[in-house]
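Letters are used for the chains, namely A, B, C and D, taken in the order the chains are written, and counting of residues starts over at 1 for each.
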Amino acid sequence: MSKYKDLKEMVYEANMEIPRESLAIVTFGNVSGIDRQAGVIAIKPSGVPYSRLRVEDIVVVDLENQVVEGNLRPSSDTKTHTLLYKNFEEIGGVCHTHSTYAVAWAQAQQAIPNLGTTHADHLVQPIPVTAVMSDEAITRDYEIETGHQIIQTLKEGAMSPQEVEMILVACHGPFTWGKDPAKAIYNAIVLEEIAKMAYLTLQINPETSPIKSTMIEKHYFRKHGKDAYYGQGC
Amino acid sequence: MSKYKDLKEMVYEANMEIPRESLAIVTFGNVSGIDRQAGVIAIKPSGVPYSRLRVEDIVVVDLENQVVEGNLRPSSDTKTHTLLYKNFEEIGGVCHTHSTYAVAWAQAQQAIPNLGTTHADHLVQPIPVTAVMSDEAITRDYEIETGHQIIQTLKEGAMSPQEVEMILVACHGPFTWGKDPAKAIYNAIVLEEIAKMAYLTLQINPETSPIKSTMIEKHYFRKHGKDAYYGQGC
Amino acid sequence: MSKYKDLKEMVYEANMEIPRESLAIVTFGNVSGIDRQAGVIAIKPSGVPYSRLRVEDIVVVDLENQVVEGNLRPSSDTKTHTLLYKNFEEIGGVCHTHSTYAVAWAQAQQAIPNLGTTHADHLVQPIPVTAVMSDEAITRDYEIETGHQIIQTLKEGAMSPQEVEMILVACHGPFTWGKDPAKAIYNAIVLEEIAKMAYLTLQINPETSPIKSTMIEKHYFRKHGKDAYYGQGC
Amino acid sequence: MSKYKDLKEMVYEANMEIPRESLAIVTFGNVSGIDRQAGVIAIKPSGVPYSRLRVEDIVVVDLENQVVEGNLRPSSDTKTHTLLYKNFEEIGGVCHTHSTYAVAWAQAQQAIPNLGTTHADHLVQPIPVTAVMSDEAITRDYEIETGHQIIQTLKEGAMSPQEVEMILVACHGPFTWGKDPAKAIYNAIVLEEIAKMAYLTLQINPETSPIKSTMIEKHYFRKHGKDAYYGQGC
């Protein structure tokens, strides 16, 4: 029996939320999780449809992207995941989807403005978008550079990966993360809904102004930090 | 066995309509019901996903928001619910969701104009939107102030809570109510559909004028008041 | 056992397509069918949710709208149905829904232009929209006047109810009909899809011109008339 | 037992993806597959609803469109399919749907610009749209001319049917193809999603520029050609 059984099951469950929540069609999207003590991550195999995905198909790789366990190739986005784990030391899960509205904002190369409490419940800032990758970076090592862009965009905006758990990679789509794989996919679900709400709001009134900062903070700190009073405190 | 069993079951059933009717993702949204004789309301616990919600998880609080029965924290919106019950004396249920199109109108800070008979069957007026809350009110007691804003918006528009059972809280989302929890969630379903229809109508023709008052009244009074002839009269 | 058993079952089945095809929420919408020999129509009862609707709930009325069989009130739109049966002598089923995109066009008070072969497979003309009803007509006998408006709109456009089996009632929503209840609901499904396609097309390019008449005729006569070669000829 | 059993089952399965993936309502759409050794294609029968379609209903025709096996009429689009098989010698499956967003672009008579990696994963080019058919061609042999238009549009754009496996027929809808029926329907699913993403992107920002060519090539060649590293290499 696999010594990574629990990690693989957690990662499998999080991946299966992608089709259940209609976050991607066919084989698109992938979720990973890390076991920091063992120094391995578990991730969806590349190009396998969700309808055929089994727990035993989940691939275990080390932080140098070498397969440690599994008969299939890991997701082609694996290097992006491992780079994020190396740089965001407190996260336990990463998710990448091609969810429709989040992709639309990524393709339009626009950050999603903070227009209401659904957004503010999760994030103080607009949902950031990376710059378009340079030709040099694309041809160098594309998946690693995608990770660098995510890290760089947070750094430039002075955003920590604990405060901002979601981003749009320009012309590509969303990446989200969190304390475990379940939180990473939760953030992908929330991001898609926020992206759709912002889309509709600006179609109704393109001049809609962002929600005021006092209300952002009220909602964000209902759910986060020491004075949070949303949820069951666990 | 709980002495609030019937109330809790009614509130549980109404809450489960939220995911069934796709009115909110993950844990968002909540429905409550009141037993005015017992002086208690039953409401969804805070932050519990619908897939794990059970009848016994429904929290019973008194009108001062103190838990009377239940092991979980009540919804973080509880104070808004209790204030509405205290001020709208004939209502028996309250519902709050983050349904997509209703939130878009709330974020755009626009009332939903009455453009057709689907709207007029339920409401003579546009669906009202509150003002944006003042910084002072936000930092005072946010959930109570949300309730005050709803009450104030109806009062300013000379609308009774029997005639107008739905409202948009600016930058936040919809609240609905009714004679019992089932009617409150029914109104949330109807509001989301009206919000989508109005959105699409104004995308087709931004100059669409509201439906004429004679047709509004014809449709509203087919369903309401002493001369109503819609439904089975019970 | 009811002597109208077959008619009631056919009408029940057609009504149940409304929620299955997401053509209306809650209790909205109704389908009827006629037995011209017996001089009766069967129709959905008023205000009954689809989840509770049973074959025995279907109400049978005569052409003067008097209940012949059934314990429930017939749909509040019954008079519109009977008037259409009296005036469109070859039809066997009528359907009314509040499907979202068709309602949006009805509220925008615009006919749906014929923009492609999905439309042309069913209809040569734009899908017509009635005028807004006069105040006098609204207060006279609303449901009968709705029927008159449908008949009048076809007459003014020199359209026969065999060629044009679908219409939008301004500020209200779609009515469709056909040789039997199944064809009436089929037309309601098709109309909603055409309405959505036309909406999206004009959002992409508001200047899109209608499909050329040679292609309309080619597609229409693939499916209709003596030279039709679509389907199984039965 | 049918000597075309395997082909018919493969074609049946591919057709059943159309309703499962919501690519068309009622009876619209059809998938075919070819057995090049036997010189026959199997295709959906005309006008049969998916809910009633069975493996034995799949019709087998030769390359002159004559029925070789089956009791039903083949799809009215059969001649388009056979012409594509004759001209695109390496393909094994063809699919035609009326999926909503792809039809909207076809009706707007616009190619779908390549705006992001979801598109670039499948196609370097914009998704092409044919010219509107001439009156002469429409009245000559419509279904054959539809095939000619597809072939002609690829030829004029110097696109091979291996590189470009999807196209929009102006005022009509999408055709897709691939090495087998499963790949043809896969391409129809992907095309509809790309069509929706492009629609939303241009609604957010009508001036969005196409994705840069280095990124297109990076993504396309992750999935195609000798250096591909997406999927399981089989």
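In this section, a contact is a pair of C-beta atoms (placed from the backbone, for glycine too) under 8 Å apart; a residue touches a chain by one contact, two chains touch by 3 or more.
The chain lineup, named per UniProt: A, B, C, D = L-ribulose-5-phosphate 4-epimerase.
In this text, all values refer to a predicted model and were calculated from it rather than measured experimentally.
Trainee: Compute the shortest path length in steps from chain B to chain D over the network of touching chains.
Mentor: Step count on the best path from chain B to chain D: 2.
Trainee: Can you name the chains that touch chain A as well as chain B?
Mentor: none
Trainee: For the two copies chain C and chain D, what rotation in degrees overlays their C-alpha atoms? Round to the nearest 5.
Mentor: 90
Trainee: Are the two sides of the chain B and chain C contact the same residues or different ones, given that same means over half of the numbers occur on both copies?
Mentor: Interface between chain B and chain C is built from largely different residues.
Trainee: Farthest chain from chain D, going by mean C-alpha coordinates, please.
Mentor: When every chain centre is compared against chain D, the largest gap points to B.
Trainee: In whole angstrom, what separates the CA-based centres of chain A and chain D?
Mentor: 32
Trainee: Roughly how far is chain A from chain C, going centre to centre by Cα mean, in whole Å?
Mentor: From the centre of chain A to the centre of chain C is 46 Å.
Trainee: Could you list the positions in chain C whose residues touch two or more of the other chains?
Mentor: 203
Trainee: Quick one: do these chains touch in a line, a ring, a star, all-to-all (complete), or other?
Mentor: Ring.
Trainee: According to the definition already given, which pairs of chains are in contact?
Mentor: A-B, A-D, B-C, C-D
Trainee: Which residues, counting only chain C, touch chain B once they are in their complex?
Mentor: Listed in rising order, the residues of chain C that touch chain B are 25-28, 45-48, 72-73, 76, 98, 100-101, 103-110, 132-133, 135, 138-139, 142, 171-173, 199, 202-203.
Trainee: If we count contacts the way the header does, which residues on chain A are in touch with chain B in the complex?
Mentor: Listed in rising order, the residues of chain A that touch chain B are 21, 115-118, 186, 189-190, 193, 196-198, 200-201, 203-205, 208, 211-212, 214-215, 218, 222, 229-233.
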